[in-house]
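Structure incoming, see below.
We just call them A, B and C in the order they show up, numbering each chain from 1.
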Amino acid sequence: MAQTTKNASSVQRAPAIVVALFILPAFALFAAVLLYPMASALGYSLFEWRGGTNLVRFNWFDNFVVLFTEHPFVEQMPRAFLHNIAIFAGTLVLQNSAGLFLAVQLHRLGPVRRLFQVLYTTPYLVSPLVVGYLWTLLLSPTFGPVNAALDALGLDSLAVSWLGEPATALPVLILVSVWQWIGFPVLLYGAALGAIPPELNDAASVDGAGGWRRFRHVTLPLLTPVIGTVSILTFIGAMEMFTLPYAFGGATGSPAGATDVLSVLFFRVSFQSGASNALGVSSALATLLFLFILGGALLGRRVIRAQEEKLS
Amino acid sequence: MTLTLDTVERAPGGATAPARRRRGRWNAQAVVITTVLWLYAAVCVLPLLTMILNSFRTHLQIATDPWPIPTDPTLENYVSAWADASFSRYALNSILITVSSVAISTAVSLPAAYALARWRFRGRDALEGLFMSGLLIPFMLAILPMFYLMDWLRLIDSPLSLILIYSANGIPFSVFVLVSFFRQLPGELEEAAFLDGGNHFTVFLRVMVPLVRPAVATVVVFRFVPIWNDFLMPLVMLRSRDNYTLGVGLTTFFGEYQNDWASLFAGLVITTLPLLVLFILATRQIIQGLTAGIGK
Amino acid sequence: MFMGACGGGSGASANEVRLTVWTWSNEAMNAFKKAGIIDAFEKTHPGIAVEVVAQLDKNYETLLTTGLAGSGSPDIVALRSYGVLSSFADSGNIVPLDDVVKDWSGFSKPALAGAKGKANGKFYAVPQGIQTAQVYYNKKIFADLGLAVPASWDELIAAAQKIKDSGVAPIVIPGSVAAQISLAAEILGNARRGAGDFEQAFIAGRKNLTDPDNVAAVGLLEQIQPYLVDNVTSVTLDEAVTLFATGRAAMFPSGAWQVTTFANLGAEVDYGTFDVPVNAEWPSKAVTVSYADGGWALAKRSAHPTEAAVLLNWLAGAEFANLYANAMGTIPARDGVTLKNPQLAEMYQRYQSTPSTYLGAAYLRYGSPSGTDLLGEQVQKIWLGETTPARAAQSVQTGVNAWFRPADFQHE
């Protein structure tokens, strides 16, 4: 283990009682109000239920078996899963490239950057209940201004049925989601850029390093932890995304399942399904999702740790 | 430090000539970049503008032509939104619930994140992983057990149930973000503070927390917004209309077959404005935090 | 005691019981409040006050699951008919009403069919209303082109061609919403499938959805594809309503609720309705597609079961049915109702003479996946050129095979 010599060990350690005092308030609240209910919710997946909340019996992994053996889960689950992965890949690339680009450019701007930061974050402030609806209005091939503008510019061929074609519906979903969330990486990267001591860049400039090179070799390595944080949160957000796909594609991932994701599938099989054992099967689905995200997040954290160690 | 100097190649033979050429290109580049920044800003305010414009129009106008200038603007929607949904009452509840939840979750997350980021102790990684797992579960799944828990605590129809849930729900995110910021800080600062006679508590409060103020502001904003806009948890936990929040108020415009978009947009403008104000204040905090920060 | 009632709840006396009623429908809540339904009840039942609360439609079942499971339970809840109602009956959080409600004789058979728990055949709800589903047509467009209401399916297609040639979209369907597509498919295809005869064969297990008649019924969706509005798979319910109400689409297969929606939208469209006409060789004559549209159930944890029973009996009576059906613009679930709106009155009349059950709503929503969701998705695939009617019908059948057992529906 690469113990950095700069950090005195007295600073890195604290008496157990102090550690407890620092951590306990958060942990107690977290464990009682969040962890405990969530653990019991995961436990629901091991039981058979009747009419939502009536426990019938412990049925081991039967609910999971249903998901892996019965039509339509055998087709719908992998399909939804792939869509989640595509959303993750798309948002990851866009947030970390466009988000980082915007943050770096804003950082150079000086005080005007505040205006831009506010503007870029406005999409996040609007209730998610209506963000999807707003874009449905804007992108409507019949009434929407986006296609009207494209027509006016003579770009008729680009004026497609954005949310009505399987080929465009998912990319649009990804773009709108990035649009909605980009304020977060912009702000977070902005804060991290501000925390980089200017001497580092000055030193590099004096040595004649150009803009890109300075960014690549000075700035980027120092941003690694924050990029990691954003990436993991992006992963979680993409895997659990519900409101936007539901607004665009309804309960079935319209058109023809092109925007179906795991949370929408969960919604379909949970309480409104009319199925008596809805709680068992939907909990099993959520448990699988949880385990997958947990694995992904832990893996992601390990990668980031490795990067951080390399840097220190 | 050494890493930086090693990897950056020295420009041979004086930096003046290439620098000038670079500056000329830089101007053209700056124009392009500024244009891009403004264009993207325009794309971002589009929804806000759509919302505001439509809040002055009738349902039929919105449906047939969603994005023009209002021809004969009406304030009718605001009148009905304010009256039908008792927004004044809901606004007070929203402020109470959101402010206390964010305050509590940030207050408890800061020391926890600090301890996880800066100290070595047994079980640290496991604990951090446990906190992180709180981010991973679809919230919809936990609704039923949370309801049972609050029912057991006799908190159904009490705003306290929401404050507890939102504070707890904010912890994983806040800890996760704050840990990465605390970890980024150089260790010399703590050392110096200890040499000046500080203890763990004073070093944390007086030295370390001010340094992560921009991150705290970011966490506050990004926790504040979803709580402010949430409608599902209040509907699950609350019973009397007097306790409803703005987010729930908005749902009164959603019908079974038809949504009252005109009033909804007016309601949205009313609920989003406070967020915008908060956010402008918070970004000032972020800037101040930055300038007051590491620049020693 | 007569005077106290005027305040509508504000002057609640110490021993007044307050009942809470939940519904998923804002429209229903408004009907209760603004059309004087609550006043009518409170006036004749001093000592009982009623509060109607509309919960968010999209999350209604989730909210009910928690709402009925603990303290602060509402007293009476509206439940969607068939599967959802049956599933809540299984939970034991609503109680059978066979003995609570005194008189069931006024209700129509289709309305009662949607109020039964599948497990024991008992009534768990007082039926709220019926939805009929039919084709709305723009009278002006039809008149301008010299078109009469079509008398056969072939005439309908011919009319659609003529409308298309004139530059107007002949038919609009909210093609981005699975449930709406499924409803439209039912309006068009119910008679082609064989209506009531097919329904009987279906629940007897003698026929399933891969039957040639059902495949032909699904095939009608493919047949009308050239006459649908452009980009039909992106059309939302709001857009469909707007397109029809502003005369940009000439026909719109949809539910009776649209009568109220068109009125609320404020567009002045002169429209009429018809049931889909049949060709001579089809297995059934023209029918009115209909389904039970919700009912009132009694919560097990109601703090005032006696008073709630009083209210339920009133909700089951003709006075309420008249007020509610007229305020909501719905087809009544029981007799003794006069509909004032001429459009609705016409639908009601047709329904009384030739009703036919919406198969998907009545039988295919008791499990996951829901048959109507599957059909909606499959029809989109037909329109997108990804599947055929035969494969679509097969796919829906395979999906519902996961849980559908004809025997479950045979305790009539």
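Everything that follows uses one rule, which is that a residue touches a chain if its C-beta (ideal position, glycine included) is under 8 Å from a C-beta of that chain, and two chains touch if they have at least 3 such contacts.
A quick note: this is a predicted structure, and the numbers were derived from the prediction, not measured.
Asker: Among the chain pairs here, which one is joined by the most contacts?
Answerer: Top-ranked chain pair by contacting C-beta pairs: A-B.
Asker: Indicate, using Cα centroids, the chain positioned nearest the centre of all protein chains shown.
Answerer: A
Asker: Rounded to a whole Å, what is the gap between the Cα centroids of chain B and chain C?
Answerer: Centre separation, chain B to chain C: 41 Å.
Asker: Between chain A and chain C, what's the gap in Å when you average each chain's C-alpha atoms?
Answerer: Chain centres of chain A and chain C, defined by C-alpha means, are spaced 37 Å apart.
Asker: In angstrom, rounded to a whole number, how far apart do the mean CA points of chain A and chain B lie?
Answerer: Chain centres of chain A and chain B, defined by C-alpha means, are spaced 14 Å apart.
Asker: Residues of chain A that contact two or more other chains, please.
Answerer: Correct list: 53, 140, 143, 270.
Asker: For chain B, which residues are shared contacts with two or more other chains?
Answerer: Within chain B, residues 63-64, 140, 144, 148, 231, 251, 254 contact more than one other chain.
Asker: Two or more other chains touching the same residue: where does that happen in chain C?
Answerer: Those would be 62, 65, 69, 239, 242.
Asker: Contact residues on chain C for chain A in the complex?
Answerer: 60-62, 64-65, 69, 82-84, 86-93, 175-179, 229-236, 239, 242-243, 365-370, 373-374, 376-377, 380-381, 384, 386, 398-399, 401-403
Asker: Can you name the residues of chain A that touch chain B in the complex?
Answerer: 4, 6-8, 10-14, 16, 18-19, 21-23, 25-27, 29-30, 32-38, 40-42, 44, 53, 102, 105-106, 109, 111, 113-114, 116-131, 134-135, 137-138, 140, 143-145, 179, 184, 187-188, 190-192, 194-198, 200, 203-204, 207-211, 213-214, 217-218, 221-222, 225-226, 228-229, 232-233, 236, 240, 242, 263, 266-267, 270, 279, 282-283, 286, 289-290, 293-294, 297-298, 301, 308, 311
Asker: Which chain A residues qualify as touching chain C in the complex?
Answerer: Counting only chain A, the residues touching chain C are 50-54, 70-72, 76, 136, 140-143, 161-166, 249-257, 268-276, 278, 281.
Asker: Hey, which residues of chain B end up touching chain C in the complex?
Answerer: Answer in residue numbers: 58-60, 63-64, 140, 143-144, 147-148, 151, 154, 156-157, 231-232, 235-236, 239, 241, 251-259, 261.
Asker: Report the residues of chain C in contact with chain B in the complex, numbered from low to high.
Answerer: It comes out as residues 20, 24-28, 53-59, 62-63, 65-67, 69-72, 237-239, 241-242, 246, 257-258, 260-261, 264-267.
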